[in-house]
């Protein structure tokens, strides 16, 4: 079977993953409207292609927070990569490094931060963070990540509680016994979402700031009002995200929200996006609307499910080729 | 089978109810456009979710006409609950009381007002009323309801004649012989809709006012013009409703009409809504657009059909959980 | 099988008519977009229902060109009624008279004008007319119709050539040998559309005017510009029509065109409509938008196909009941 | 099987062509959104039909760049006609001449320009051109075309690289061994798209101008900005085209882009269109929006696949009849 587009990887993953794992990765909240809107919204955005421009040489490299990556697509934080491939996040880290792009490791990794770091030394990695009721646990994680050379902290803001994903409830989703949320096993069992602190507010950004020298990127922003607050609270970047449609259903598609966030931010901090990227032209659209870089979640998991590190590289390379071609054809 | 969302209850009811009863509850007028629009209209309304607000403590209680209920979802008046569960409206009353919310008992109940009252003493109940050609019959009912402790009168205004529900005509719908519209059996046979008075006008509100000290809530308002008239005629509340799409087809969805009614009313009376509520986020949308409380019709019947009093509590609890989660996730 | 709505009659006709006849009646031009739009356009029009109006007495009679009919739905001109029922247009005339409404007899009738007149003496009938290359033939027809008591002349303007109806071409549609276009057999074979004169212009209205004392109603108008021309040329009525979507595909739906025609006409002549009426509420919408009366084409044929005169009365009665109910429910 | 509309030819071609050839002709880039939008866009454009105009005599001839054609539909450049019919482009040329219209021969013809010319002497033909990295090759082609009596040069601007057509990749599409891109075999193997020069800019128009006296028509323009540049660089005509949706997916439908191009051009050069023409009424819409002539791509191939030269004539004649009828019915 030729892997010609991301849908091919999706079909492969759906066919070969255990149903419970596929359902977990595919899940959206409630009726999955926002999950699906993330994708549909791109189709409503039309190019105005320009002709006869010299597209013989195109530079698709970019810099995020000062570090160069080979093209503006990174790996979004998603949990439990061992559900997709035995080596889990170690494979992810190796693929990201091989492709010279940024990997945001999830708090819900099934490998430790140390394992991830050791698997691909020198790769550009950020660490995705929740704030726990037990602040000391959060603090430890931040400091471990910083010590291990992670170069950014991505604070997820849209999970005061877990969204209602019907299939996961029907399946009674839980990790198989041989997998663990390893980063936190020394401390406490975070698979219980109740360890997350729903009382977190903007002031906690100052607390987080006090713990680390790393840049803070805030993830989950969907409105201009929150974008303005993020800038005022001194973050270095914003990921426009609705958690892949897994949290609040019937909020905006991320590419629609991107427009108002970019306008509010006025270039004061970098703006990224995740959600719904399925083609190279989606990347181009997001960039044309002001994103500095986009991140892929489910497609990265499909790549892992296909062939681990190699499959994820295939996914990234395919997106890279499509992105480059779209740029050329759009002039 | 796990009951994860209201659609699960719907599927259960469709599977286990006799076809004639299911069709009666599901029926919409003519092509059922308005029935279906009630639901679809919510999908067109998008949240603007806000992040990093302290959502650790949320108070979802509200007051309607001065009485506290545990969350802003009550039971809309629907007929013939014995078609769904042997105990009929007695189960409904018990579930509403257990969940500490408001139950609007229908004139077309298959239990008497006395039975309903006795089944759940002290519960918050309103009584839904038609005006009959025989005004004395209406007057008796009003006074019985008041004497029994019902705390509001809900006057239905959209049934000068019964809407055309094709399946009911095809099925030759009628109550099974062992069920009766019990409230009225002493007086006359109201199942014949011809006893309703199609000449009722706004002036009859004054007549109704003269009969009772109870607050009058007017149900079936869909335009700002009628909302203004309702306020001027001294009602205490308005239920924006199109009778679940069972009367005039191709009028507005209730959540769309809500906006203009709320704007016209300007807070002078409380505004409620029924029609199309299928998720906790629908409740939140209606409240965000100005409703004080919403009422559920068909979902309550599905709960009854599932497990009577217990099933209806399941439905209410599920909506309550979803509503609370939506509030948290929307900030 | 209960005949509860017009779709039931349609299903019956589709099942029992020979395919070639069904296809002929159902045909639309090209992709049938306009045929289908005629129906869909009604669904985009929403009522603003008003409550608590006295609807105990409703008068649904109206007058068209001074003659009272029992309700504002007449029979549009359609050809070849013997394809639907052996007695053909004689049954149609009888049903229209029985229901006290107006029947516009088509030039393509399979009964003579004399047979039609004799079958239902005293019924209100108009005659639908084309202008032939052979003007004397047209003149004869006009004068025959006038002499027989037809009370209006409906000039069809949208057939300079016949629209392209794919199924009729595939079927090689033609009348069975035992049927004839009887009105014209003495003169010439009009089934050949080439007898129609494609050079007809507005000046020919003056010529037609000079032949007869009957009111002239012009059929096929879809724009304000043509409506203005029609008024200036002295017609007494306008039928907004796109020939049931059988002529030019992808023009406007008739109910959409109605709005601009009514606005242009400003009450100077009566405006009618045909196309897409399938429910009583469609009639109400057309009237609310300014039509004085509507005409039904295909539904009348379905009624004939069901039970001849009786079946057509069933169709008219059903529409009448639905129209009355819609009026009551819309206030 | 009656060939009543272009879809009939499409169905025939789909049934009888080898899958790999059908897929190649049908292919669109990526998700094929733009390919499909080209067609759907026509359905959103509605006529305002006018009545009672003398349509007995209609002249559908037009002139493009000074040469009369029998009706405003020509043959767009498409590659590899031998995949559809053994005689390939020779049949195309003969059909175009027989119907007295313009044929734009593709650089990717499977017959030489000399064979094409010889097959239909005196026919109106333009030659479609790419600019190769090897400019001498382009120059030779231009001069050969001019010498052979081609009357226009159509420069394709939207192929700096080939679009991503998934099915072609899956099929491993390539010409069968007995077919060749004959025009270029003396020079080099152009089937390798890498011979195209992606560094071409507007300045190359001046270079092309210097090689030939033929009018230059620029193909692939979709924006007013590029239309203005085209006029300023001295071209004689513009083909609004998105390469049948085979290059950049999710750009505008051609008939939508036509409007802004026509407005920008203000009549300074002739504007043509290809993409999505499937009915005579589509032609009329494009002309009403300012196109001087349209060109058909896939429908011409379906005609070839049906019966070669004769089948293509059938297609052209069918469109001609439909176009004429639409004109008459639209007044």
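Letters A, B, C and D mark the chains as written, and numbering starts fresh at 1 in each.
Everything below uses one rule, namely that a contact is a pair of C-beta atoms (placed from the backbone, for glycine too) under 8 Å apart; a residue touches a chain by one contact, two chains touch by 3 or more.
All of these numbers come straight from a predicted model, not from anything done at the bench.
Minimum number of contact steps separating chain A from chain C: 2. Matching CA atoms, the turn from chain A to chain B amounts to 90°, rounded to the nearest 5.
Comparing the contact residues of chain A and chain D by number shows a mostly separate set, under half of all numbers used being common to the two copies.
For the pair chain C and chain D, the distance between C-alpha centroids works out to 44 Å. Taking each chain's centre as the average of its CA atoms, chain B and chain D sit 61 Å apart. In chain D, no residue reaches two or more other chains under the touch definition.
Of all residues in chain C, those touching chain B in their complex are 2, 4-5, 42-43, 45-57, 279, 281, 322, 325-326, 328-330.
Interface residues of chain B, counted against chain C in their complex, comprise 30-31, 33, 157-158, 160-161, 163-164, 166, 169-170, 197-202, 204-205, 218, 220-223, 225-226, 229, 242, 247-252.
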